[in-house]
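Structures for review follow.
Each of the next two complexes has chain A plus one other chain: chain B in the first, chain C in the second.
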Partner chain A sequence: MDMVKTLTDKLSIEQVKIEILNTAYGYHQTFLQRLDPRTLFLWYLVFGVVPFFIHQTSVLIGLALFLIVLTAMAKVSPLIIFILTLGLLTQGGSYLIVGLFFGGEVTAMLPLLKLTLKLSVISMASIVVFCSMSPEKLSDGLLKIGVPGQVSFSIGYAYRMLPTLVEEYHHIFLSYRLRGKAPVKKGLFYSRQLFYYIKLLIKSFYPLMLSVAKRSRTMVEALESKGSLYGFNHPKVKQLKLQHLKIKRRDVLFFGLSISYFIILIGIS
Partner chain B sequence: MNTHTRFTLTESQKMMVFILSMSLYGLSNMITELIPKFYLGPIEFSVEYFAFIPLSLAMIFHPLYAAIGASLGEVIFGEIMLGQFGGIGELEKFIAFSLAIFIAGVIVRNPENKKQVALGAMAGVIIHQFISMSVDILKVWVGVEELDAVEGLAESVVVIEGIAFLNDVLFSGILFALLPTLYLVPRLYGKIEPLLGMKPRKNDLQLGLSEIITVPFILAVVVLGSLSFLFEYLSETTFGWEWEAPLVDRFGEWIVFPVMVVPVIIALSVIIFLVKRKGRKDTDGYSEVV
Partner chain C sequence: MTHQITMTDVTFTYPGQSRPQLKHVTLSIKQGAFVAIMGGNGSGKSTLCKCLNGLIPHYYVGDYTGKTTINSHDTTEVSVSALSKHVGYVYQDFENQLVSPRVLDDACFAPLHFGLSDFKARGERALELMAIDHLKDRYIWQLSGGQKHLLALSGILSLNPDIIIVDEPVSQLDPFHAEVIYKQLKALHQQGKTVIVIEHHASFVARYAEEVILMSEGELLTHTSVREALENDAVLSQAGVYPPEVTMMARKMKRHDHPLPLTIDEAERYFRPLLKQTEENQVESMPTVNKNAAVQLKGVSFHYQSLEKTTHQVFDQLDLSLYQGERVALIGNNGAGKSSLMKLLTGQFKPKTGQIKIFNEDINKQSPEQLAEYVTYIHQNPEHMFIDDSVEKDIGYFLKMRHTPNLDQRVATLLERFDLTSLKSRDARLLSGGQMRRTSLAIGEGTSPRLLLLDEPTATLDMVAKQHVKRLMQNQTGEEKTIVMATHDVSLVFDWATRVIVLNNGQIIFDGVPEQLVDDYHVLNKAGIILPEVVELSRRLELPLMKNQQMFIDCLQDEVI
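== the complex of A and B ==
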């Protein structure tokens, strides 16, 4: 029980809030950050898709090593790496257990390990790419490759609104707690308490829905008065907005070198 | 043509619904990511998602914009901001979830009718979970080479995903989609619409089948169909290596690489083209669904 207590202390809502904001806004100046978003997209298209169809273990290990180096270079937050490994382990583990139950042997491990390796290569590729793009860069990059302007606006809007929304939701949740009465008995495995809190979590969305509705109306009216809804997909506006995106020498070098590494890996094995 | 006045939204009202759905569902997604999961044997008790938010919004407002907004909110808040964006894998989630919420919203013609609301909520969850189950199974079948060599793997994947499907539909579906939607829709109906400067959906609104099967609906089905076809096609190319053996002999193993890239690129460009066309239709004002 002591362990649970220390764990809950560490996982207080404040802490979680801070960690979320850290993950969302904490950007380091890394090498990958300075690359053009289009280079990163193209790189991702290769390293995030092709590994899925590679079955040689040596190539996969080589790729994994390369991506581990890149992940270290991208200075990804530990929280994300923790979530990633946890997800991979639980998925692979559950398949293994049920596979054994259906009369498989321990050799069932090997192809599954390979699949896990494959999936981790793919996830690392996406983490490397999308963690090294600031929101502005990501939305500009998306706009450049032809995603509708509403999407790139939404990314910017989400980054702006997140702290406000979290704060407001937390307030509503706390006021529900103040007015409500928590169950006296904890129930089996804290089930009563758990259901009480989940019910509050759901109910808190009702006032939030109304206030967010008001806010989104204000937002859209502000957008309208600036003519943004018209400008979202206007070619000239886009051109003006995306002037700063340029493919430089380091983009070509990075892309070329990593692709040649990939090809050499496949060639060797 | 219609005897009653149609429930139509202006361009900016659609944007409002979109932003509303995006920010609310996005926030809820962050919360559900943080709620711990409980395992009772193979059965997992987890808060999969707060599906009631996009469901109620789709029933009260415009189904399509609420659905797309929610999916985008999930991608932005739950994935990009937490740094877990899965890239192309998210496309499948995006399409499946939008389609499910959209259909749920279309089913409900009168938000005050509890039976319709319940039916819509459950239909939405079942459609979404079914699509994601099929994709998960296919992922392992395609991703693991020599699937038959591993005894019991193919079956175990089906069993695990099947249990997860039932579990999600019965547990998450009832607790986090059905009950909250039944609680919220009657309360929000008539109250939230004025905040966006619009009238509530009419009670007596009757839709013909021709109004449901409109351009976006058909496009969504086409996109989904091509996606499943893509998976099917890719599985063919990975399993059917035998007949390419001479090619491999002549050029070495690396020939596999360009051969595989071609179908991926073709399929991707088809999807992007379809999605883009769909987007353009949306902004140019297609016939209103509801």
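== the complex of A and C ==
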């Protein structure tokens, strides 16, 4: 129980909310956040896709090192890093167990480890890109490359609603706890208690949906009178909205240097 | 003067409803007027205003007849977007009206989406106008309720409309912030804008508005000056509106030679000649209660992390004891720690240091579920408590989980007591504010707590619903039960509480009987407490403290004789 207790103390819903918002908005200005969203899209196209087709371990290791540096530069939230490493470790661990169980040798694991390496490179690239773009930047970037206004607006709005929704969910969950009854016996390995919590976590979504439906009415009316419908369909609005986007020298430098590093890596091996 | 707004014989029925929400409404409003629309819940006030900004008939495609013109444009011929340059509308649930994450972006949203190239300057100017330009780089979830309301106003002002409609500004805000909003509206009015407010609180109407439109069941009853409207008792009660407290008291004095007072200043002049001499103010001593501790806090410190990852200290070494059978009112401005204190008592928050005992049990060792067996917390927002799909099931949830015998009968009794029987199969989220609040009180009562915690039970209610809830609170007797209520409604404090605790920045700056609070100017100022009109008046007239209107009338009549 003590372990469960310390874990729940650390991982309160409040804490999760703070982490999500910090990941989305990044209250500290990093170098990567100052880049143009288009640079980041293009960069992601290279570093998020190309590694799939690379088989040389040395290149992958080189990429992984590069991305570790970038992840550090992007000041990614500890929660995200924790989830990523947890995922990679359990994956690696399960390979080992399965491999040994079927009588394989440790060498059989090497190709699988390579896959893990590949996946971690791609995951890190994704994290770096998305932590370096605030939702506003992401939606402006998408608008610039021709995605319809409604889609890019939805992204910004979803983030605007996120803290409200998490809070509302938290309230509903608490109401279930305060009016419900926890199992008297904890069960084997707290299984009863765990089951009780999981059940409440799922149940809490239903009231949430109903209250969100209620909220959205005012929002839709407000959008209507704030001219969003007009704005989504007029090129002049798009131009006004995006006039702040400019490719600067640091964009060229960042992209150029990353690509050169990649090419040199391939060249060496 | 030209008529800026005209409605001619407008009738509107929402799609899917059989009865019209507006019935043959005809009115005209001049440019630069300050109009208050008053009426009970469901009287068609909001529907009327939605006709003015074109949402009706463009967005709500119901059954619409008649004609509405705004600056000589027929609303059926102009789009909602085009009308929004003439009319700005701030919703009652204004929080949902904010669509961008950042303050400045939200203020710029409308001009930007109309393709105005000076959108940024417009947004900044609108923020300046509402005196919140220092917040422009904040995220909206960092703002307080009052600041959000000002931002919603800025969002519409950025288009520079000449008509501004605000739907119940006071309902979601504490009295202090409501005053701020009204001062801003007054400033806008002085700049020549037409301001229309939907308002239940006659005291604000008396001080700020010029004209009053009274509505009842979709019909326009009268459209007159403020004085005529608030003096006309018959029409007011038909519309389900209470006049200001001072007006009600003056009416009972039956002096026909004088116009009735509408504001506290007028009331002072009205009542002073009726007095003969002044009496010494007697402070009642603390009523004796059996001193069995219900709640004990010893050296409690509590802080939480804000979004910027800085810690925010709420309580530092707080000591407090509450006794069984006490009715405690917790007052103080927003952020003073009222809700935090209550959440500590329910186990939702854990103190960082110190000890909390409830009925001599250390609550640190108990889960919120265990505590809930004898402590109940009723949320400020009743919607947070609705977890089932009907009023009846929501009230019965706690009992059902405990397999209580006679479940149906107990739920039926609660439904009856809180006047909810006719609503029992409705979804609680879709009820009116007053009905939702009664449901949440019934849910709380259903858990038969020994310690009941109420967070702002009368906030967001119209006057009629507020009176109803007050009556229910008064009936909450019983020697055993301890009730703690956080509130901004000071009149409820004087009527109901046996003990008042004023919190300010996490510290207790006053703890005593309500009577002592009145004379403590220091505390009143520091905590931003606005006294009820009857209390303020008795103070100005140097009378002993009058807790409610009846006491005031009785006292005056004694003196006059």
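Methods note: the second predicted complex is superposed on the first by the 237 of 269 C-alpha atoms of A that agree within 3 Å, B and C clash if a C-alpha of one lies under 4 Å from a C-alpha of the other, contacts with A are read in each partner's own complex, and residues count from 1 in each chain.
By definition in this document, a residue touches a chain if its C-beta (ideal position, glycine included) is under 8 Å from a C-beta of that chain, and two chains touch if they have at least 3 such contacts.
Small disclaimer: the values here were computed from a predicted structure and weren't measured.
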Three-chain arrangement built on chain A, chain B and chain C clash or fit: fit
Which of chain B and chain C A:L88 touches, first, second, both or neither: neither
Touching partner for A:E14 - first (chain B), second (chain C), both, neither: second
Partner chain(s) touched by A:N22 [first = chain B, second = chain C, both, neither]: second
A:L242 touches, of chain B and chain C: first, second, both or neither? neither
Touched partner set for A:K214, first chain B, second chain C, both or neither: both
First (chain B), second (chain C), both or neither touched by A:Y159: both
Partner chain(s) touched by A:I259 [first = chain B, second = chain C, both, neither]: neither
Chain A residues touched - chain C or chain B, whichever exceeds: B
Which superposed partner A:I61 touches (first chain B, second chain C, both, neither): neither
Partner chain in contact with A:G227 - chain B first, chain C second, else both or neither: second
Overlay on chain A, chain C to chain B nearest C-alpha distance, Å: 7
Interface residues of chain A shared between complexes with chain B and chain C: 135, 157, 159, 210, 214, 216, 219, 221, 223-224, 229
Contact set on chain C toward chain A in their complex: 53-55, 59, 80-81, 83-84, 89, 91, 93, 95-102, 105, 109-110, 112-115, 117, 119, 139-141, 155, 304-305, 307-309, 346, 348, 350, 367-370, 372, 376-377, 379, 381, 383-387, 397-398, 401-402, 427, 429-430, 443, 447
Chain A residues within the chain C interface of the complex: 9, 14-15, 18, 21-22, 25, 27, 135-136, 156-157, 159-160, 163-164, 168, 171-172, 174-182, 203-204, 207, 210-211, 214-216, 218-219, 221-232, 234, 236-237, 240-241
Chain B - residues contacting chain A, complex: 11-13, 15-16, 18-20, 22-24, 26-28, 30-31, 34-35, 38, 42, 47, 50, 52-53, 56-57, 72-73, 76-77, 80-89, 140, 142-146, 149-153, 155-157, 159-160, 175-176, 180, 183-184, 187-188, 191-192, 195-197, 234, 237-238, 252-254, 256-257, 260-261, 264, 268, 272, 276, 279, 283
Footprint of chain B on chain A - complex, ascending: 16, 20, 23-24, 44-45, 48-50, 52-56, 76-77, 80, 83-84, 94-95, 98-105, 107-108, 111-112, 114-115, 118-119, 122-123, 125-127, 129-131, 135, 138, 146, 148, 150-151, 154-155, 157-159, 161-162, 165-166, 169, 189, 198, 201-202, 205-206, 208-210, 212-214, 216-217, 219-221, 223-224, 229, 233, 263, 266-267, 269
